[in-house]
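The two complexes that follow have chain A in common; it is paired with chain B in the first and with chain C in the second.
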Partner chain A sequence: MLRTFAAGVALLWAAPALAAAPDFPTETVLTDHIQPRHAALHQSADRLHEAAATLCAGPATADLEAVRAAYHDAMDAWAGVQHVTYGPIENFNRRFRLQFWPDPRNVVERELGALLREQPTDILAENGLTFASVAIQGLPMVERLTFGAEADALADGTDDGAYRCRLLEAVTANVAAIAENLETNWRETDDPWPAAFRDPAAADLVADDADLAGIVLTGLTTQLQSIRDQRLLPVMGDSAEDADPAKAESGLSGRSLRGIAASVEAMADGFDLMFAPALANAEPELADLMGRAFTQTRATAQGIDGPLGEAVTDPARRAEVEKLATQVRALQQLLATRVASALGLSLGFNSLDGD
Partner chain B sequence: MPLSRRSLLTAGAVGAAGMMTAALPLRRLSAAEDRGLYLSANTGRDGGHRFSAFTADGTVVMDIAVPDRAHGCTLHPDGDTVAVFARRPGRFVVIASVAENRVLRTIDSVPGRHFYGHGTFSADGGLLYVTENAYDEEAAGIIGVYDATDGFRRIGEMNSGGIGPHDMRLMPDGRTLVVANGGIRTHPDMARVKLNLDTMDPSLTYLDASDGRVLEQARQPEALNLNSMRHLAVTPQGRVLCVQQWQGPADRTPPLVAMHERGADLSLLAAPDAVQGRMRNYCGSATVDPSGSIAAVSAPRGGLVTFWDLEAKGFLGSTDVADGCGVAPAPKGAGFVITSGAGGAWRWESGGAAALPAMPDDRRWDNHLTLRG
Partner chain C sequence: MKTLATAGAAAILLAAASAAPAQAAPPAAADVVATYADMAHAKYEDSLKAAQDLDAAIDALVESPSEETLAAARKAWVSAREPYQQSEVYRFGNPIVDAWEGRVNAWPLDEGLIDYVAAAYGDESAENAAYSANVIANPTLTLSGEQIDASAITKTLLSDTLHEADGVEANVATGYHAVEFLLWGQDLNGTGPGAGARPATDFDPANCTGGNCERRIAYLTTASELLIDDLKEMVAAWAPGGEARAAVADDPTKGLAMMVTGMGSLSYGELAGERMKLGLMLHDPEEEHDCFSDNTHYSHYFNAKGIQNVYHGRYTRIDGTVVTGPALADLVEAKDPAVHKDMTTRLAATMDAMGVLVDTAQGGEAYDQMLGAENPEGNAKIQAAVDALTAQTRSIEQVVAAAGLGGLDFEGSDSLDAPEKVFE
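For the complex of A and B:
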């Protein structure tokens, strides 16, 4: 892979001047990828909130299962936009407010404990969570309340259970409000981000469509790196004995691999719209390779039985997890080096730094 | 249009970006005349984190491994010792010798503190001041004070005058520290989450280096409280350039560059709309030329480096550099050197820009570039 990287860098810097610059269908990416996926996130978040309200109106075990199913749907939709690392998600801490993770110090659990002890009501008011700790605002708190060891308390009719329910309603309302804001921002005509996708050359935000394509590509490589470095490697450890199932994302609901598969599928969708046509012109063989790489990576993620935390400690399934990590790494390297150089795009380093 | 129309800084790109070269009193200096060394943290293709120095033609002459990604650095008045600061929320400061190309000592943060990424030596080099986060305490912004004459023992600390002190410089009087208090509260348990956007109060704060007394604070208008003050450059005349990162929505594009002189209000400088928009509300670093009249401010999210006239308090022009962030003045007013997170370094001067010929292609340059003239 090192040699590939070197070749990519050399190509980029040699800047072959005669090739025609590719055009990128940024408006299609907006209307057929970004907008519908954020609409899906908003809708699933609304349904999650409705399911929580139903559960809390009349506690019943069946309703808890409905909330859990709605949580999975919302997480799938969230996985479907996580590679959109730019735009409205960057404002007001929205990414961390939706999903505070990784959480190696169990801040979500600790803060839930404090809430249950003190039972503050200000955060339960409309928009009361907006400026509260990011750890209690989003989907990890929903998971903790609905999949945690004491999830049944939601339906037990006690004071403690009633507070848990009101908190669940408030948190799901907050998630729905953030999701609504994201969808609205991406649809607004005067928001600079959708404007840039509609007409990059005329936009203030970017110089041209290639500039924007570099941002979109950086979103893909950032998400792939996060899948490998945050979601897989820390759980895998160096060996089955060294594995750390507690570090799995969404471990309580056992959906780490499902989330990875959903994210890879969404990235493949975005890649097909934004980059595949130009790549098919510039380097048809690379375009074919990318198609296969996305398909195989998703298939590997979908093919592993059981939660990630279990799979990494079982020698047979662990090999498949290792394969997944390798494929994700390869996909990221292909995008960062060969695709970037074939299309004359550059990826961010300092631009992602945040300092 | 060439394939890599956005990728790299070229003379053409300078012209296309509307650079008013005639207005820039820059002189030409051949690489051979430039005896400067340029220092910067970087990350190799192998993922290893380093701190390095290169000459005017891009030859790397110092290359040391550091424990993790580093951020800014500051030179000791002896001209050889350099303090390299961990990137937020890191816990190391590496003290190194440029000439000997080796680490002299590594300082760890004390319990309850981590480093923010910047610091400065005192005028006599006896003390090292470092911006730190007291993340479990109310008075979060801390300047740690270390005795450079006694093994960099931590001998005390003072309040920075705000939350989230980031860049810090010693003023030309040798007695005053100027700190950019970004206003953002963070905690190492919470990754890089910004915890207090609702109550942000960024300020430019002047401290008495001897006792930490707050001598003066300059703030932006209240409507710009989400404009985090991050990086600084100080002219020989004592003018302070402060560059910002906007934490609010993208449909507002507030001024990102401010200039301050003691006793006066902040002057907020904005680029023309088209350039201001492309800066993507995020400045990476700032520097001034030796005369103190021209500043370079990088906007890595926008892939731009902008230039500013500090006498006229106005925008001069910009040039495209993909992920360009590190900026340092070339000696004797001969333009600026720019590094990129995508790799590469360029000298920009009035005739255009040229890549440094001996610059290796095996590393990504981090946020800041520092000249040892």
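For the complex of A and C:
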């Protein structure tokens, strides 16, 4: 409980106003960062749905591998936009419908069990999942169906397997529909969020570009806090003996660290576009430091072999995971304090501020 | 009081100067923080008083177990929630309160640790070895591979051995929700009508239902006494000279930051997110805050009320008297009237949305029915409250900027002293 409190307080304040307020290239961030990354998410989700449809049309092991590969691509693309915590993702529970996680009570598994017992067909219809429990709607359900112990059932020709396949098709269609909506919203000219990025001073949503930059920066610090507090520390425990591999994100597909690396890379990209130029002007040394911080953190995440759940119980690799957690914390702290202060930005509350 | 005094002073100045609208001078941060601490003290005093009333009602139940005495104890529990839930806005932002809170209001809980449960609950959980330990039925039990002597149900057993046993937060052995479970029992109605329905004979050794009535009585009375002990501690912490008061008064500007941190964190991450949106998205009554008693509508309502009264510096006590003084609202109004107007409006809008939940529940449709998958109207009512809390969070961020609390940079206990040295 103390841990989350601390993070909440850390994000509150920024420094006194600067002599000359910096400009932020918000339109470039929209066109060169947010829009292409959401287009990539949409495309990868479409391919995932196509791969699932192919598998279910004529079950074969090779097709299951194709679905798994497409799942990894979609997860990479999703990691590439997770720091965009504001905007269309906040509407209609889209974030949780794409990925309900963390799931400490194993709701995804429990609800899959109930679905297989009762085999309801209403949720398999077009848009049938929209108002269902978020736990059965998104990528964690895809992972459970395609990487779980009974993934081979998808191709076994039994009634149970056939239902699993229809469910997989429905869930991947749902994921693709949500991704399409996100991409569309970020491209629409009359949507308030892209409008705010094109012309912050004229927008209803924000007062000016600094206000919007504060929101973008809050997205980065929130995602970094999530990586450390939700994705790393609970798996690491206090020691190798105390580690809890079952708490790893995407543990079945063994891609926790790959996701973290993809997210850090995307955040570095966004930071370079949005903040690096103004920071190079205001505090060149800090700009250099932030460049090194993103590069080194990403390198650490990419350099750890094997699934996170294994790495934390192996002494040599565990030291690297600990280093990664420290780097992520340092990166978050530098953004929330030094960068916010140097650029005169005010950070907001985030969804992790609670218990 | 203060408002009248300033208004009077302003009127005199105004008469002497011109007809231009008066801008009251902002109150001193130290005075705003003093009101905040006074309200905290009153809220914890009220919580203590209500917990003592609850304890007396529990004694009456034990003395003479009947449906009437059980109903009276349940009523006392509901009343005890009213001041306590208004105090929760102090939890986030005040490390002293946050460190203490887990003993009093930890949630959600794996209730099978404490007493008997229905078969649907299951026997085991991958995350919690003590998931169905049932200490009321078991005078000896095994925790973390160690044999525990639970033959005497004592405060120490509950607070030191069972609470958060194995480091699992769902092992809640003390506080409001442990008492709630004992008074109501499990709510087995899912998203249908009805709350927990424990019979009074569960506390009647002469006609015992549920088994182990003596041990259940011992557990209930012990947990009730612990709650009183814990609340006394927090009353003292906010009394003159108390450490929680000192933590906000010693540096009033930092104290202001702690006030708004509590308002924003409770509004958004905790209440809108963890306590409301999560259950709604899953349509899962197990994620309901007061899941045994179906008192969730009031718990949420008084959480929101607590946020509102921190801003306005005004708390109505359980005896009807009012604690008030220089407020954050006065400070913001003096610095940026537009932000103040927005904040005031949004806090009121949240109370309206929470009022709808209360009215609906009092009309016979409980919170767990509202969040059912087949109840779009109920879902919309909860969503409206979530949206209002989210909107008010945005206003709190504007208050942060308007109150001119820039330059503050205090980090938590896990922060690094020199983050730049992490990167070579």
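Operating definition for what follows: the second predicted complex is superposed on the first by the 331 of 355 C-alpha atoms of A that agree within 3 Å, B and C clash if a C-alpha of one lies under 4 Å from a C-alpha of the other, contacts with A are read in each partner's own complex, and residues count from 1 in each chain.
Everything below uses one rule, namely that a contact is a pair of C-beta atoms (placed from the backbone, for glycine too) under 8 Å apart; a residue touches a chain by one contact, two chains touch by 3 or more.
For clarity, every value in this text was computed on a predicted model and none was experimentally measured.
Undergrad: According to the stated criteria, A:N93 is in contact with first (chain B), second (chain C), both, or neither; which is it?
TA: both
Undergrad: With both complexes overlaid on chain A, does A:S346 touch chain B (first), chain C (second), both or neither?
TA: Both: A:S346 reaches chain B and chain C.
Undergrad: So in the superposed three-chain picture, is A:V134 touching just chain B, just chain C, both, or none of them (first/second/both/neither)?
TA: It touches chain B and chain C both.
Undergrad: Check whether A:A21 is in contact with chain B, with chain C, with both or with neither, and answer first, second, both or neither.
TA: The answer is first: A:A21 touches chain B but not chain C.
Undergrad: Looking at A:R292 after the superposition, I want to know if it touches chain B, chain C, both of them or none. Which is it: first, second, both, neither?
TA: Once the two structures are laid over each other on A, A:R292 reaches chain C alone.
Undergrad: Scan A:V107 for contacts with chain B and chain C and give back first, second, both or neither.
TA: Both: A:V107 reaches chain B and chain C.
Undergrad: Taking the superposition on A as described, I'd like to know which of chain B and chain C A:D208 touches: first, second, both or neither.
TA: Touch partner of A:D208: chain B, not chain C.
Undergrad: List the residues of chain A that touch chain B in one complex and chain C in the other.
TA: Touching chain B and chain C on chain A: residues 2, 5-6, 9-10, 12-13, 15-17, 93, 96, 100, 105, 107, 131, 133-135, 346, 348-351, 353-355.
Undergrad: In the complex, go through chain C and note every residue touching chain A.
TA: Within the complex, chain C touches chain A at residues 92-93, 95, 98-99, 101-102, 126-127, 257-258, 260-261, 264-271, 273-275, 277, 281-284, 286, 373, 376, 393-394, 396-397, 400-401, 405-416, 419-420, 422-424.
Undergrad: Which residues of chain A touch chain C in the complex?
TA: The contact residues of chain A facing chain C are 1-10, 12-17, 93, 96, 100, 104-107, 131-135, 246, 289, 292-293, 296, 326-327, 329-331, 333-334, 337-338, 341, 346, 348-355.
Undergrad: Mind pulling up the chain B residues that touch chain A in the complex?
TA: Against chain A, the touching part of chain B is residues 1-8, 43, 45-46, 71, 87-88, 117, 166, 189-195, 197-198, 230, 247-251, 253, 273-274, 276-278, 280, 282, 284, 298, 300-303, 320, 322-326, 340-344, 361-362, 364-367.
Undergrad: In the complex of these two chains, what residues of chain A are touching chain B?
TA: 2, 5-6, 9-10, 12-13, 15-17, 19-21, 87-88, 90-93, 96, 100, 102, 105, 107, 130-131, 133-135, 190-193, 203-208, 210-211, 214, 344-351, 353-355
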